[in-house]
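Alright, structures below, take your time with them.
In the two assemblies presented below, chain A is common to both, partnered first by chain B and then by chain C.
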Partner chain A sequence: MPAMTISAWLRRAARLGVVAGVALIYLSLVGLVGAFEERDVVTDVLKLGTLMLAAVAVIAGYRAALPPKTAAAPPGVMRLAAGVLAGTVAGAFVGALLLLAATPIDLQTVFVRLNAALIAFLSFDAESPVVGAALQIGLNAVLGGVGAVLVLLPDRFRRPLVFATLAVALVSMAEPYVRPRLDQLDMDPIADFLYSGHGLTVAASVVVFVLVTAVAVAWAPARSQVDRRLAVLPAERRRSVRFTSFILIGLLVLALPLITGQFISQVLVLVGLYLLLALGLNIVVGYAGLLDLGYVAFFAVGAYLMAILTSADGPLGAPMVAIAGEQGAFFVALPIVMVGAALTGLMIGAPVLRLRGDYLAIVTLGFGEIARILFLSDALEPWLGGVQGIIGIPSPLPQRVDFALGPIEISWSGPQVIFYPIVLFCLLAAVVAYRLAGSRVGRAWNAMREDEEVAEITGVNTVNYKLLAFAMGAGLGCLSGALFAIQLGSVFPGSFNVLVSITVLAIIILGGMGSIPGVILGALVLIGLPELLREFAEYRLLVYGGVLVAMMLLRPEGLIPNRGRQRELHEQDDEDEQYAHEAGEDVAKPVVA
Partner chain B sequence: MRIRLPERLSLIDLVLWALRIAIVVGVTAGTVATLAEGTLQATDWRDLLVYGIAQGSVYALLALGYTLVYGVLFMINFAHGDVFMAGAMTAFFVADYFGETGFMNANPIVALAVIFAVSMLTSMIVAIVLERIAYRPLRRAPRLVPLITAIGASLFIANSVRGLFGERIQSYPRVDILQGRIDVLGIPVLKTQALVIVSAIILMLALYYFVERTRTGRAMRAVSEDKDTASLMGIDVDRIIVTTFAIGGLLAGAAGILYALVFNQVHWFMGFLPGIKAFTAAVLGGIGNIAGAMLGGLSLGILESVGPYLLLSGFNVSSPNQLRDVVAFTVLVLVLVFRPNGILGASEGDK
Partner chain C sequence: MSDEQTSSVEEMPVTRSEAPPPPPTAAPSDGPILEVHGLTKRFGGLVANRGIDFDIPRGSIVSIIGPNGAGKTTLFNQLTGVYAPSEGTVTFEGTSLVGLAPHQVAELGIARTYQNIRLFQNMSVIANVLVGRHVRMKAQWFQAILNLRSVREEEERSRERARELLKLVGLRRRYEEELAKNLPYGDQRRLELARALANEPKLLLLDEPTAGMNPGETRQMTDLIAQLRRELSLTILLIEHDMKVVMGVSERITVLDYGEKIAEGLPEQIRANPRVIEAYLGKQAATS
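Up next, the complex of A and B:
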């Protein structure tokens, strides 16, 4: 491989710096920096906004110091220089923004977030914009250098350092939830050691950082040893090890509401509802390869069916409650909801099955919107409640559960109670989906997704299998909707817009299409994390959009790819790389068709 | 057309036939009931029709963007509605400035020209950047990948604009010369609506000339026929694709201003519904077909404004206008199910 010339190498670094500079300005102007500027990571030392901006410069430096695959690596000094250069260029962009903001041109009428607070934050409270700009350039140059140093570090130190930084950020973000819980459990000293104000104390952040680094450094060799030990075990023993670890994880999940308290339980309930939706859509999109953008319709149908059948105010719900009682109504209604769900799936599925992939996406999007508008409309108000929705849906679960487990007295209420049925349904759905994937049906779906015509020729009845996928997806969607309805006690048309469909799609794409662990991770990250970052609410959709684009460009198979899918991808990699080489450009790896 | 029954009538065919019959019966019954009741006067229908044509012209301009891109790349540029929104939102600041300084009403023609130019240029730049960053690396990926990217890009653009410019609904300043009505062949037409229709016609003629008569236009048609062969004939395919996106962006920017002049309001979420409806229009006319996009846009605009009243008010449905979007989406679903090639679409096969 030829080495790059010095000027080409530095030009490349400068280009990366320009990209990073644009990213920094974008983050500032779009308001993300402002949203996070209040949030402390380490009280009085480091703010989340600073950390975010720093991450951009570090990544730019890292990328600049990383040689491209087609060229030999230049010497270490050159790589360090590239990192510093990228950081400097990026800093110059922010500096230019500061200088521009100091001119009489009124930028704030256009860019609403470019207010005095943001400018003060970016210029480190320096009075003169020139000083602020100089500080930005200098700091970003250093950060770019840090990125370059990360490249030069051996692998077994780099990952732990990145993990440790993320861990510090995560622990500090959890403050509003962890601190009250610790107080509740009479663990004030721990709380006071960890947090001061809304961020970590300096001592605590050092402890967390060192601890995570040490564990991660130690874990890497230990892990490979564990893997080796596991590999030589007989199959039976290996299965029992896996089984035991599943049980342990299961027990941990069951104990979560106890450990975490009300707030986080509420978040977990939401994660569970979305997980159920994602598992359902995963069957349709991940297994059968049918891109359904109107998935929210099923969620809405489930919620409304449950509401109509059990709300004591409605014409159907009143006799139902009278006969079955408030708690029994749910159990009578649930099978009806599931049947209704499957029928809705067939009704929506049947006419659209002969469409090509992209048309199917748009038609289902259309169905989703039709459903939303119908639920909202005055025309159907007598049945569906119009804008006011339907209220007074009884919950089959008790408000509180108190019992003693040996010496420990346990008392659950609200979200802590409903968490358990949701976990149960999620588990059921995951097992069904997992077993289906390996069955004859799953293989038929696989074949259909890879090449519909070939599948049909080899005797797969594609129409039936597509309908089955739609019906199963609809079933899980409606189930989630029904649980959503009893959890809230009411349904409103506003909860069922197209953004729900897209959120669920983003969960699947992030985790990996067709991969159940991936879907779980996706739901935790995309639903759980934003709840921890309340300032973030407004930017949720921005991030979901970014996630969809970035995943498709960089890692279309998802964070935890489905194993079979990954194998399919790698078969094609060789061809693609060859093509890329000929065309002289990067070609993204294809995923599902 | 002779209808041939398939030898074995499958369940799906049965469902589709039931649907066809239900539609015909429903539409006929609704129309007859409405006309028999006679709640709306002839002038009301005429106004709805003119409104529909104006609305349809905006859809047609947007539909051209979908159709052009589909023609060369065979992908649905889901973010096109947000390209349209970005132009209208950016030009708002220029319009607002002109409105406040009084320039808008002192020199309305110049001011409008500048606003149009700003909107069209912004949309064009957004479209070009979108192609370069999000779509070009995926040129050879399976179909669903660019589609998912496009959905992500759509969210990203809309929410970026929300973050950058704020989430308030902004109103365009009043343009005095566009107030009131003018008489066209004895029919009083709102001046804004007239402007929309006339500008749309001019832009469409310009596009038609460009595609049919210029060298680049010919290269574009060649690329849409067969990319590989076109590139062997010395056509720079990447450049043609960028040009296609740029033209789509220009038209979307113009549509953005026209939309803003009619409805007076712009906001960050305004791209979603018009975007999907314009896609419907493109499919209705036959996607990939330029004349089809214009025809589809006008048809959809008219269907959407006249349809709810004509079909539903006979059944005493309250506030049928709320259901206009349902009409649009139902048209979309029905066209895709029964005639995916559209009105003018030649049999495209299953490319």
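Up next, the complex of A and C:
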């Protein structure tokens, strides 16, 4: 491969610097920096806002130093230079902003967040804007260089450093939830060591950083060794090892609510509800390729059907409670809810059979809104309660579970209890999705997604399989709605707006379409993280949008792409045969079915 | 694909996985497998096919040739149920195909390949073949969710059969889990053929199977077509531009021009037919 010319290489770096500079200014002016400014990552040393801005420059430097795809990589010095250049250009943008803010031009009437506090923050409290600008340029240049160094470092150092930084930030952000929990568990000394009241203490940051780095450095060789050991085990033993690890992970998940306490359990419940939705929508969008933007309709149908069937406040006067009592009503109602939702799926699917892509997206978006307006409408108020919704939905779960094992007393309450059925349903949904994906049905859906016309000519009844996808997606989505209803004890039309559809879609795109582990990670990141970062609340949609755009540009297949699945399924296939074939030996084998 | 693999393919005894159809001579009807009468297709004012008649004898290889725009692909689309004919009948083994949906036609045992390769790009090679086998499999969604023994067994059998087909068309074993879009061009054509064969078709429609291939690959494909007919007791209908392929492999040739059949017969007859030469080369060439 020919090497890039020096000027082309530097131009590329400068371009990245411009992008980063615009991003820095954008983050500052939109108010994100200001919002994060109050929060310390490391007490009195590092603010969250600083970390965010620094990350932009580091990423710019990192990307600038990455070897180009189509040409040979330039020497290390040039790559370092590219990183520094990208950082410098980015810093120049912020510097220019500072200088501009110092002129008599009144920028704040347009950019309301460009206040004195922000300027002081960006110029490091320097009196003169020139000094501030110079500091910005110099610092960003260094950060760009750091990004470039990260590229040049071997994998086994880079990963631990990045992980450790992220870990420090995460542990710090978790303070408002972890600290009270530690106090509850009588672990005050640990709490006091970790947190100062507004961020990690310096000592704790160092400990966390070193600890995570050490674990991550040790992890890679340990892992490859484990893999090697596993590989030589017979298939029987390998299965039992895998089974054991599943059990261990399962136990950990089951213990989570107890360890983390009320608030985080509540967050996990929310993650679980969205995960259930995402697993359902994944069938429609990921497997069958039908872009459905009205998925919230099934969430709503599940919740309302459950409410109508079990609430004394509902129009039917709780028929299921009459049959099975308050505790059993949920279980009797659930199959009816699922069938009802699947029928709704067919009703929504049937008229849009001939639509594809954008058109399908627009029509389903409309259906989602129609559903919300129906639930809100006065005409249906006698049945659905209009704005008031339906209250008094009985929960099959006890408010509180106490458990005494000798001297140890454990108790679960509220979200800690409902966490378990949600995990169970998520697991069921994942198994259903997994088995369908690997079957004749899943392949037919995939074929339809790839080329509908050819799928039909090849023998797939595309009408039936589209309807099946809508019905299956609806059936899983309504589970989430039903659980949502018993969790809150009431349903209101306001809970079912278009944002739910968009969020669920974002989870799938972030995680990786058609990939079940991807969807799980997506739900944790998009639902879990914003709950931890309350400052986000105002900017949540902005961040979602940014994340989606970034994913489309940088990694359209998602964080955990759906690949290698078939390989996994058939690892027992004797590799010997494959090698024999390469050597031309299996030619003699008769081919008999 | 190497030549060595081609030769290995020819040595392989091939059997069909399910009840093999009786040999052509013992077939219930020794008549044509497909009969087309007065087939006409109009798109608005444009007549793409006008009153076409032809038969395909069971077990034969028949070619359809004609200049670009002669209506060959429209004809294929009517045979597979993509277009409903404006007039005329299409009868496959005594069953009328008119009004059937494409997937129903596929179920009867008609499979096709495409002029511009149309694989399921983001699916693995073996999954592509398994979709081709869709009509011969039975697993329903609830059975798949329960992962019944019958489903697992059917899946295993189908995979086995798919591997045999991949081997038959000469695709390497290590490509099995590769995404279809990552295969080289010639292998994509082979995969498309394997997908069509997975249907266990009685009639195979090939739309320019050697388009874009070099002479070596073309020869291999021609050999493969002849071999498939022999070993899988297939009937093959071929659209082809390459006269060498057409003359070498087909027993009968039908010539279309401006949507009408202008000639039909043995390869030598077609080669000498002045109307055919006129259609391809112009009036002057035909008279001179």
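Here are some notes:
Just so we're on the same page, the second predicted complex is superposed on the first by the 551 of 593 C-alpha atoms of A that agree within 3 Å, B and C clash if a C-alpha of one lies under 4 Å from a C-alpha of the other, contacts with A are read in each partner's own complex, and residues count from 1 in each chain.
Throughout what follows, contacts are C-beta pairs under 8 Å (C-beta built on N, C-alpha and C of every residue); 3 or more make two chains touch, one makes a residue touch a chain.
In this text the structure is predicted, and so the values were computed from the model without any measurement.
When the shared chain is aligned, chain C comes close enough to touch A:Asn446, but chain B does not.
In the superposed pair of complexes, A:Ala117 makes contact with neither chain B nor chain C. When the two complexes are overlaid on their common chain A, residue A:Tyr539 makes contact with chain B while staying clear of chain C. Residue contacts after overlaying the shared chain place A:Thr462 against chain C, while chain B stays out of touching range. Look at A:Ile370: by the touch rule set out above, it reaches chain B but stays clear of chain C. Applying the stated contact rule after C-alpha superposition, one finds that A:Met472 touches chain C and leaves chain B untouched.
With both structures placed on the common chain, the touch criterion links A:Val352 to chain B but leaves chain C unconnected.
Comparing chain C and chain B on the residues of chain A they touch gives the larger count to B.
The interface of chain A with chain B overlaps its interface with chain C at residues 587, 590-593.
Chain A meets chain B in the complex at residues 26, 29-32, 109-113, 289, 291, 293, 350-359, 361-363, 365-367, 369-370, 373-374, 376-379, 381, 463, 498, 502, 505-506, 509, 538-539, 541-542, 544-550, 552-553, 556, 576, 579, 585-593.
On chain A, the positions that touch chain C within their shared complex are 431-432, 435-436, 439-444, 446-447, 450-451, 453-462, 468, 472, 564, 566-567, 577-578, 581-582, 584, 587, 590-593. Of all the residues in chain C, the ones that touch chain A in their complex are 4, 8, 11-18, 80-82, 101-103, 105-107, 111-112, 114, 118-124, 126-127, 130-132, 134-135, 137-141, 144-145, 147, 151, 154-155, 157, 160-161, 164, 167-168, 172-174, 177, 195, 199. Residues 10-12, 15-16, 19, 75-76, 93, 134, 137-149, 151-160, 162-166, 272, 276, 279-280, 283, 312, 317-320, 322-323, 325-326, 329-330, 332-333, 336-337, 340, 350 of chain B are the ones that touch chain A when the two sit in their complex.
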